[in-house]
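Take a look at the structures listed below.
Heads up, the next two complexes both have chain A, just with different partners, chain B and then chain C.
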Partner chain A sequence: MVLLTILKKLKQKEKEMRLLMLGLDNAGKTTILKKFNGEDVHTISPTLGFNIKTLEHQNYQLNIWDVGGQKSLRSYWRNYFESTDGLVWVVDSIDRRRMEDCTKELHSLLQEERLAGATLLVFANKQDLPGSMTADEIKEALNLDSIETHHWRIVGCSAMNGDNLLSGIDWLVEDIGARIFTLE
Partner chain B sequence: MSQQQLAAFLSELNLLEQKVNNLVSGENVNTNVASEALQNLTRFVSENAPSLPAYELRRAHGEIMKLKTRILEIEEKTRRQGKFKFTRTNKEKPQVTSLLTECPGEKISLATERPSRGLLPTLINLTNETITIDSMESSSKDIWLDNLEKSTIIIKGIPSALHMTNLRDCKIIGGPVLTSVFLEDCFHSIFVVGCQQMRIHKSKECDFYLHICSRVIVEDCFACRFAPYNREYCEKAEEFSRANLELSVNHWNCIDDFNWLSVEQSPNWSILPEDKRIKL
Partner chain C sequence: MASSSEDVESIDPSFIIFDQCIGCIEEIIMSEEFLKTQHHFLTKHCTVFDDMEENKLIYMDIFQDYAQLVETFLEQKLREMFPLFSMEEFVKELKSQPVQLEGEIFDILREFTDFLSFKAMMLDYKTGQNSDVLLLSGFKILK
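Let's look at the complex of A and B:
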């Protein structure tokens, strides 16, 4: 408990949040990060290790970690769990074929003790593509309603044209802020 | 590495090899489990590679290749059994095939009419077909080719992305793709395509003629060969520029094999020798 109080105070001083962005490969994690930061999204390579961006948003300093989603990289995800305030799970809304895989990976993350306190934002990405599943359908497919351990929300977005990225991150930041920076 | 460390390494190596060996012998082999064990073994060897005597390294690599071939053989055998069944059903219902081949356009419109279903295959379950997807059908859409055999698919226009799964003995010829190409479970096929990103999973004996502005990722692949995009057609320059691909920047030989962390050349892919390249 003492440690927790110290941690809270430390964070309060800097108003810092650590967001971890995960999801299957080809979901658009790096594209979301770059678009959010106003960078060019047409030259992105598949992520080999991870990208980290620090940016100011709503008077908070966001440290966003974007970790590669290739199958052989997923076993390294756990190296990034420590002191994560928010988990951003990115879904390729058109890739129905791997939706089961996607559900499995997400739910196994939610079992992780070190992510127990994190708020979950699910980005149903690629909404701009014809044939993509809607956010509601993704919610069903990922069985999000069964989550009772985390605050969560799903937001349909498009990293390519930037739709809804801001509203998703805004909600996440507010939810985390209300949790870790206000007195209980 | 001291003698002691070497002995410890060798006994650990022996254990891991034994494990894979046990997994691939006998009936009812689970190739997924075996592949995973082999991956552990490969990782263990590449992590220790810098400090190993050349002889031991060579021997370990030889052993890995042998086990890998064995797993692939088993996979191929299971696949062949499945394939046989598939062909037979196809013969019993020839109507299904002809319907699909006659109007590939209708398949696509089906996908757009039901936007809520996720991506539907643009072409599926075809054998011995030659099909052209024209630019009206492809432009700004995700194209998905699934379960095709001995077929040639020509893709005109600029699709948003290209997904290809379960292709055998196929030739896929296209221009640029706007974003990414995703490939899984393909065998003995040829791909001619331009793109920003490419991910190749669980495929073997495939040849790629690529124009790519980032890097290629291969994972669980074997005997894949790469060459630069060599197809000429009249709208090429215009299409590549519309897809944000610069013709002067091509990283066709920048390949990251996720199962090969060592600095040495991965045994899973190679450059396609110039005299073996096809001309289109």
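Let's look at the complex of A and C:
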């Protein structure tokens, strides 16, 4: 699909960004998406498919894709890589037991050719819950300092009360904007 | 755009073919044969779609098949019209002519890459009953 893929990429000149939000199940991806979009976040059930929101932010149109994170769904993630400008990796900061799984999944995504140009934002979610790991602890656990292939940043946040969602997305949008739109 | 005759002489012939192809894409997309192909595809798959916020994973497979169908159809027709047509060359030309991408035809082609438009079109198909109306409604989305 050469033609349509190229046309889609050329479309980026119109100040659009495509963000792909991934992470293990129950990390809070859909909650982040809805909270950021100003929707109710109290009745969210596990995502079995995917959600898309299109919203205006900092004069960009953000197309945010949120794909379910259950183990059986992860093989479908690859269907969503194309034309991704920013990868948002969401971590459940109290799920210490699965931090190793989380690290493995993230690093395998970073090997993907079609995500090679994407900026990485790691959301250390659920900071409002007692016993959660700090953003620094998660940075260590996920071995983020070893990443040399992508621009990255980790931000501790709470999807439930909205803390730091904006500052994380702001950084992501600025980083992508500086990479993609400065040639104009 | 080649507007005056002295411009035409200095223009690369591959560009002229490129320009002609662009003109033909519109013709192809508007042709009855394309509409029939599109109609067949949409009718076959629309029942899978539900008007829910969360999308099923299979929508993406169908969407990708659809884009592939459109592109294959276009390529085949362009090759019939221009035996020397190569998608690879065409895309190369496309990349080097960003100014040319402003036309309505590119908006139509870009629609084919837009998942949400695709989903809306599928839902239109599913709820519609009369096939004539369906063809028109499919088209409305493309405009």
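Just so we're on the same page, the second predicted complex is superposed on the first by the 170 of 184 C-alpha atoms of A that agree within 3 Å, B and C clash if a C-alpha of one lies under 4 Å from a C-alpha of the other, contacts with A are read in each partner's own complex, and residues count from 1 in each chain.
Please note the rule applied: a contact is a pair of C-beta atoms (placed from the backbone, for glycine too) under 8 Å apart; a residue touches a chain by one contact, two chains touch by 3 or more.
All values derive from a computational prediction rather than experimental measurement.
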Next item on the list: Give one of first, second, both or neither to describe whether A:132 is in contact with chain B, with chain C, with both, or with none.
Entry: first
Notebook entry, point to check: Of the partners chain B and chain C, which touch A:157 in the superposed model: first, second, both, neither?
Noted result: neither
Next item on the list: Scan A:93 for contacts with chain B and chain C and give back first, second, both or neither.
Entry: first
Note to self: Which partner chains sit in contact with A:3 here, chain B, chain C, both or neither? Use first/second/both/neither.
What the structure shows: second
Margin query: According to the stated criteria, A:48 is in contact with first (chain B), second (chain C), both, or neither; which is it?
Written below: both
Check: For A:76, is the partner it touches chain B (first), chain C (second), both, or none of the two (neither)?
Finding: second
Notebook entry, point to check: For chain A, which residues belong to both interfaces, chain B and chain C?
Noted result: 48, 73
Next item on the list: Sort out for me which residues of chain A touch chain C in the complex.
Entry: 1-8, 10-11, 13, 47-52, 54, 68, 73, 76, 79-80
Notebook entry, point to check: How about chain A: which of its residues touch chain B in the complex?
Noted result: 25-26, 42-46, 48, 70-73, 93-97, 99, 129-134, 137
Check: Which positions of chain C touch chain A when the two form their complex?
Finding: 53-57, 59-61, 64, 67-68, 70-71, 74-75, 87-88, 90-91, 94-95, 98, 101, 106, 109-110, 112-113, 115-116
Next item on the list: Please name which positions on chain B make contact with chain A in the complex.
Entry: 39, 111-112, 114-120, 140-142, 144, 160-161, 163, 165, 180, 182, 196-197, 199, 201, 213-215, 217, 219-220, 244, 256, 258-259
